[in-house]
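Two complexes follow with subunit A in common, the first pairing it with subunit B and the second with subunit C.
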Partner chain A sequence: MIKEGKIGVQEAIALIAITISVKVYFTSPSYVAKVVGTSSWYMTLISAATAIVGFAVLCKLLKRFPEKDLVEAFEQSLGRIFGFVFSLVLVLFLLISTAVMIREFAEVLKVYALPLTPPSFVIGILLTVTVLVCILGLESIARAARLFAYYILAGFLIVIVLAYNNYDYHNLFPIFGYGLDKTVIYGISRSSFYGEVITLGIIATSMQGLSHIKKAGYTALIISGLTTAIALGMSMMAFNYATGQEITSRMYVLSRIIKIGGFLQRLDPFFLFTWCIGTMVGISFLLYCTVSTYCKTFRIRDLRPTILPWAIILFTVSMIPDDLTTIAGYVQILRQYGWTIFFGLPLITLTLAVIRKKKGTSQRCQ
Partner chain B sequence: MKRVICLLLLLSYMCILFTGCFDAQEVTEWAYVYSIGMEKGVTDKLRMTVQMPSMKGGKGGGSEGGQEQGNIETITIDCPSFYAGVNMINSFVSRQINYMHAKYLVFSESLAREGIDSYITAFIRGRQIRRQMNVIITKGSASDFLKAHSVAISSSLSKKQQNLMDQGSNTGFFSDVTYGDMLDEAKAPYGQPIAILAAINDEGKFKPGEGTGQLPFKTSGDYYAGDLARRGGSKAEFLGTAIFDGGKMVGELNGDETRILLMLRNQFHRAFYAVRDPKMPNKTITMDVRGQKNPNIKVRFEGDKPVIDAKVFLEGDVLAIQSTIDYESKELKPILENEFRKLIKEQMDKTIKKCQLVNSDVFRFGSFAAMHFPTIPEWEEYNWLKRFKDAQVNTEVDFRIRRTGTMLKSSELFSTEGKKGE
Partner chain C sequence: MANIFQTMKNVFTYKPEKGQAFELLEGSTEGVERENTPEAANLKPGSDTSDKTEGTSAEQTKDIPAEKNGKKVREKKTPLTVEEWNKQKNDEEASPDQTEEGLVSSDLSANLQKIKKEFGIPYNTDVMTRKFKIARKVNAFITYVDGMVDSTFVSDFVLRQLMEPRNFEEFFKEGNTENISDYINENVISVHEVGKMKDLNTIYFQILCGDTALFIDGAEMCLIISTRGYEKRSVEKPVTENVVMGSQEGFTENLRTNLTLVRKIIKNKNLITEMIKVGKTNQAYIGIMYMNGIVNQEVIKEVKRRLNSIDAAFVAGDGMVGQFIEDSPFMIFPQTLTTERPDRVASFLMEGKVAIISEGAPFAEVVPITFYHLLQTSEDSMVRWQYGSFLRIIRVFGIMVSAFLPAMYVALTLFHQEMIPTELLASIARSKEEVPFPTIVEIILLEISFELIREGGIRIPGVIGQTLGIIGALILGQAAVAAGLVSPILIIIVAVTGLGSFAIPNYPFGLSLRVVRFFFTFMAAILGFYGISLGLFLMACVACNIKSFGVPFFAPVAPKTKSAPDLVMRQPIWKQEERPDFLNPANRRKQSSNSRGWEHKKNGGKKQ
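And then the complex of A and B:
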């Protein structure tokens, strides 16, 4: 068994909420506006609600297999071979999600801040930091996440508040966007935006029992749901459904249009720090989860030697897409169909465990 | 030992990083553009003007090919497009052109009337272009206007640009409309875009000598940019609003009409109004008028026809009463308030009618109409912008005089003819 250390509820909340919410700084808000229009702010609440249901399934699964993580639950429920396949699918999906997130970050950063810097350099630097953090372990990532959470949240709220004079609530109308049915269906299918919550299953053994996992997961989903809804709603009020679909990073542009008198304006460089730190925390955690799942799948006891190779694989995968348009396309595929992996695998596992009457036993009971 | 090696490796790695990244450039390598001007080109599609501080570093320095006025350098070039023009300018300016701090985006009126949609939608892709730039339509050449504008009263052109835009909120004669506002309004069917109207005042309207004091007097905002009868000051004048249909300029509003526009858009801050004295028509009463609260705008539909009820709420202080009539009194104050209400209502009806004639909903009534439509396809299908001209608009003005300045009462003057005003 890998010794991953222990993390508390607050640290887990910070980790999950940051990993989920940081995506709002990238291309997703514009794509959502393109599909559902003015209703994007409550569409994401539908996604969050769906993710809560998905997380409840994971909790049921973890309850059935007490003191086990997701990989072990897969194995105990489905058997060694199918459990291995499910775990491997999860590893690959986490790898692709992380690679896409890194590349999306690098591309957006290149568009707005570093036009001459090659993406490989940005990704290389980011991964160097990520590898160092991962080597230090989950406890370090979690503590850093908790430490930065206040700063990231403050940075986010400052942008939202200071841009107040750009808001026009009329831009939220027509209220149902491109149709209520479309909003609901898209909201449900886009629940994978919050899919990272299932990583709590991967690090389940590092938490102090199921009640802590539940508390951390539900709270993180509520926090990230609210912050995402606020970001989408406010940026929609600042632009409108037409220009809102055009902008590469709506939150970044929102920080650029802050103007309160002659002095308080052009705040985007400050905002970049929040954005970069949030992404660094998110990517470090996702890389750690990828490596951890991989090692658990192959029963490798020490994950540290595998971190660097995984970082190199991650770098290579993230460099495969040609351009920002391709990346944005991948992001949308992941967001729209990612729920099948994030929430589908635990659901299938739970269903089969119930049918096959498989159940884990608590070591404490024994 | 292992730790020391790791530390050394880390330090050497950090040394590489600290030398600066790919995008590192010193401030001295940039030429920061204050204003960008666009007009129809003579030898190419476009004539572009950029205005920036001259790069004089000392006695040996000097301008790099442009026309230098004070510390400002104005470069004009014929080019196929804006970004191509930037490259062309860098063939004779040693510093790299950077328009991240540009405050004004100036288009000539002839280009605006032909349509500037292709320019405004194209610029925004550039990361240096900021949505906070003010968009200005100038009568005549944009390059001439910028040259006239560069003769700054203050030591810094950027400060002058900022301060001038702030004057809009003190006078109401022009709006603080930005490139972002224009883009948002041009791309969604809530309303139509506007831009600041400006011109060079060549002092041609000013007639020397002493006149007789023309009556009836004109209101202070009854002018378009470039028409003020004045002498002295900056030649560049900001007064009025250019109104658009999509990306094409279709009309202009004078100072008074711009104030009405701002009141209805909830962007009116403050203005001095000279109104006719209700009891002595050859005298004026000046008031400092402010917006009291958000306008109350309601849109309903009678069949397919839109009906708009617009009510603006204003308040003000009396600044000057030329007559000695005691308008401060409880009995006469309502008379003055009614006179002002009448004036604003007349101007409001006239302005709305004028915009309806060119079918340009610059008041953004559409954003209120959109609340009646459940979905975007239904809203877009209704085509508000096309139907605005048929809308019935009912206006109402609420105005209260809050204070009467430093005086509570106006007393009559005495002369050999007795009490004046009796």
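And then the complex of A and C:
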């Protein structure tokens, strides 16, 4: 078994909430404005609610296989071969999600902050740091996430508050956007925006019991749901839905349009810290989860030697898309169909476990 | 060259993870309130060992080989062959400790020869031997290290008393069967501490410590008379931890004085001082102080284990001891807290921490510590909580400025000019017109100059140092601007950074930030704010990985433990009811929830 250390509820909440929420700084809000219009801010709450249901399924699965992580649950429920296949699918999906997130970050950074720096350099140096951090272990990443959590939240709220003179609540109307049905359907299908919550299943053995996992998962989903809804709502109020569709990163531009007097303006580079550190937490955690799942699938006892090769693979995969437009397309595909992997796999596993009457036993009871 | 290849090889070679490191926070007993554990049985309250140096050291000298033997047994997993066993047995028998060679002889001349041989007399002029007759009848000699003893004391209370025949009238009476050593110990020498010893190695060590050894013809024992009287500095104001309010006493280089300074503050029978000898050649004593009944016994065990395992020829002062026992020597941040204030040590002891006080340096090391301890001074508790919190916020600001200001300047001027207001940007641009260097070279030149002035200012003797440092900096800065080498705004940046670093209360932490500043500046030069973020994230993860004697560096924030009322913001002193949870102290409660008893009118404020 891999020694991953122990993390507490608050560290887990910080990890998951940051990994999910930081995506509001990327291209997703603009695409959401394109598909559901002015109703995007509550569409994301529907997504969060769907993710809560998905997470409840994961919790049921973990309850059925106590003291086991998701990979072990796959194996015990589906048998070695299918369990292996499911785990491998999860590894590949996490790899692709991480690669897409890295490239999206590099491209957005290029647009707004570092126009002359090649994305390969931005990604290369980010992955170098990520590799070092992953070698330090899950405990270090989780503690760093906890350490930065309040700072990131404060940075986010400061942007929202300081941009107050740009808000026009009329921009939120018509309240149903392109139609309530469309909003609900998109809301449900885009639940994969919150899909990272299932990583709690991957690191389940590092948590102190199912009650902690539940507390961390539900709280993280609520926090990230609220922050995302606030970000989408406020940026929609600042830019109407037509303009909002054209902006690459609505949150970044929101920080850019802050102007309070002659001195307090153009604060966007200052908020770059919030965004960058949040993304680094997210990418480090996702890379760690990818490597951890891979090592558990192949029963590798020490994950450290595999981190560097995985980072190289990640770099290669993230460099495949040509440009920001291509990567934005991939992001939308992932968001649209990602739920099948994030929440579908645990659901299938749980259903088959119930049908096949497979159940794990707790070591503690014995 | 070979070392470089070895390092490269180590980077690319797989090494399995080491076994479980010492953990305090995640221990199985986490959250369990404990009474004094059986491990502390030998330290029952009241059995204060601080004044029993001899006994403790004797115990410790037994402990060290036992530890080492244990290690040897663990290492040798295969059973010994008969030849090996015989050889080992012979070696043990040949050991001087076990033979008469290593013991005091009844023949006085043999003892004198051994002393002369061991101390290299007459080449070694420090060690003195003085032959005389006790009561004009019995041959004897004393040995001591000149300068380490109080010579007046030796003359008046040792030699004079021994040579006076009247003191021995009872002894030489017919029918007296008493041993002469015992008689002298009990009736003649009026010194507070006299011990009887047989083992020559221990006697040599006591002589080196400043005691006087008395050898008597016919006696198989040696009397060790406490006559220590070497020169030592008096108690003065702390140099690196000055405060406006609070105690003005600082540690000195003398271990006994330092222990007394702490004991003077905590007059409690549960304050324990244990002595450990480290440094194979210089044989320095180290005092471990803790409050029995408050401290977590696991921490004590770990401290002793680490100190006993030090295998070095020379260990002097806390700085060296700290480096031998810290958890992660390659991490930039300090993992032990160095202080020269006895009041601070006392307050840490009352929290459940352990103080390690060594001979030779006016500092004590406190373990375990967290990042937040490095922001605090003893003054914070002496002033009202509002002022204390304000001072700490200023210090945090100082830390931020010290670590990030040059990096922020580089990032702003090279990558994010849009953030600078137009007038200021124009001013910066104008001032840089004359400067031939790129910003990064300019700032590194000036930072290095500042560090030189700072280092040079410390080395220049006397009061000239500080004055010359400030004047040097002013003149150098002015001249550099006039010569067009640096821009004036950069002088302000470096000066403010310097001010920020002076606000850091802990010197080793300040040094670590001075190093880290260059790393952040470099990161800012290559990637602007993104680079600083990368550096900050990496540094935070590295720091989160550090543990100080099992306590994570950022506890109780990351990982989150029960909140402590004394982190950056200081709660009122009467609300600080519990000791920090991350220390797992044996007794968590520091004071009652009713510490302002006078507010409760029922009993008139009397203690319940």
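Some points to look at:
The working rule: the second predicted complex is superposed on the first by the 366 of 366 C-alpha atoms of A that agree within 3 Å, B and C clash if a C-alpha of one lies under 4 Å from a C-alpha of the other, contacts with A are read in each partner's own complex, and residues count from 1 in each chain.
The rule is simple: a contact is a pair of C-beta atoms (placed from the backbone, for glycine too) under 8 Å apart; a residue touches a chain by one contact, two chains touch by 3 or more.
Source: prediction; values computed, not measured.
When the two structures are aligned on the shared chain, A:125 is found in touch with subunit B and with subunit C.
In the superposition on chain A, A:262 makes contact with both subunit B and subunit C. More residues of subunit A lie in contact with C than with the other chain of the pair subunit B and subunit C. Contacts of A:137 after superposition: subunit C is touched, whereas subunit B is not reached. In the superposition on chain A, A:146 makes contact with subunit C only, not with subunit B. In the superposed model, A:3 lies in contact with subunit C only, and not with subunit B.
In the superposition on chain A, A:114 contacts both subunit B and subunit C.
When the two complexes are overlaid on their common chain A, residue A:302 makes contact with subunit C while staying clear of subunit B. By the touch criterion stated above, A:277 is placed in contact with subunit C alone, subunit B being left untouched. On subunit A, the surface patch touched by subunit B in one complex and by subunit C in the other comprises residues 113-114, 117, 125, 262, 265. Across the complex, subunit C meets subunit A through its residues 14, 16-17, 26, 411-412, 415-416, 418-419, 421, 527-534, 536-538, 540-542, 544-545, 552, 554, 557-560. By the touch rule above, subunit B contacts subunit A in their complex via residues 13, 17, 21-23, 124, 127, 130-132, 162, 166, 180, 183-184, 187-188, 190, 364, 367-368, 370-371, 373-379.
Of all the residues in subunit A, the ones that touch subunit B in their complex are 37-38, 111-118, 121, 125, 128, 168, 170-171, 173-180, 239-243, 246, 253, 256-257, 259, 262, 265.
Against subunit C, in their complex, subunit A makes its touches with residues 3, 6-8, 10-11, 109, 113-114, 117, 122, 125-126, 129, 132-133, 136-137, 139-148, 262-263, 265-270, 272-273, 276-277, 280-281, 284, 302, 304-305.
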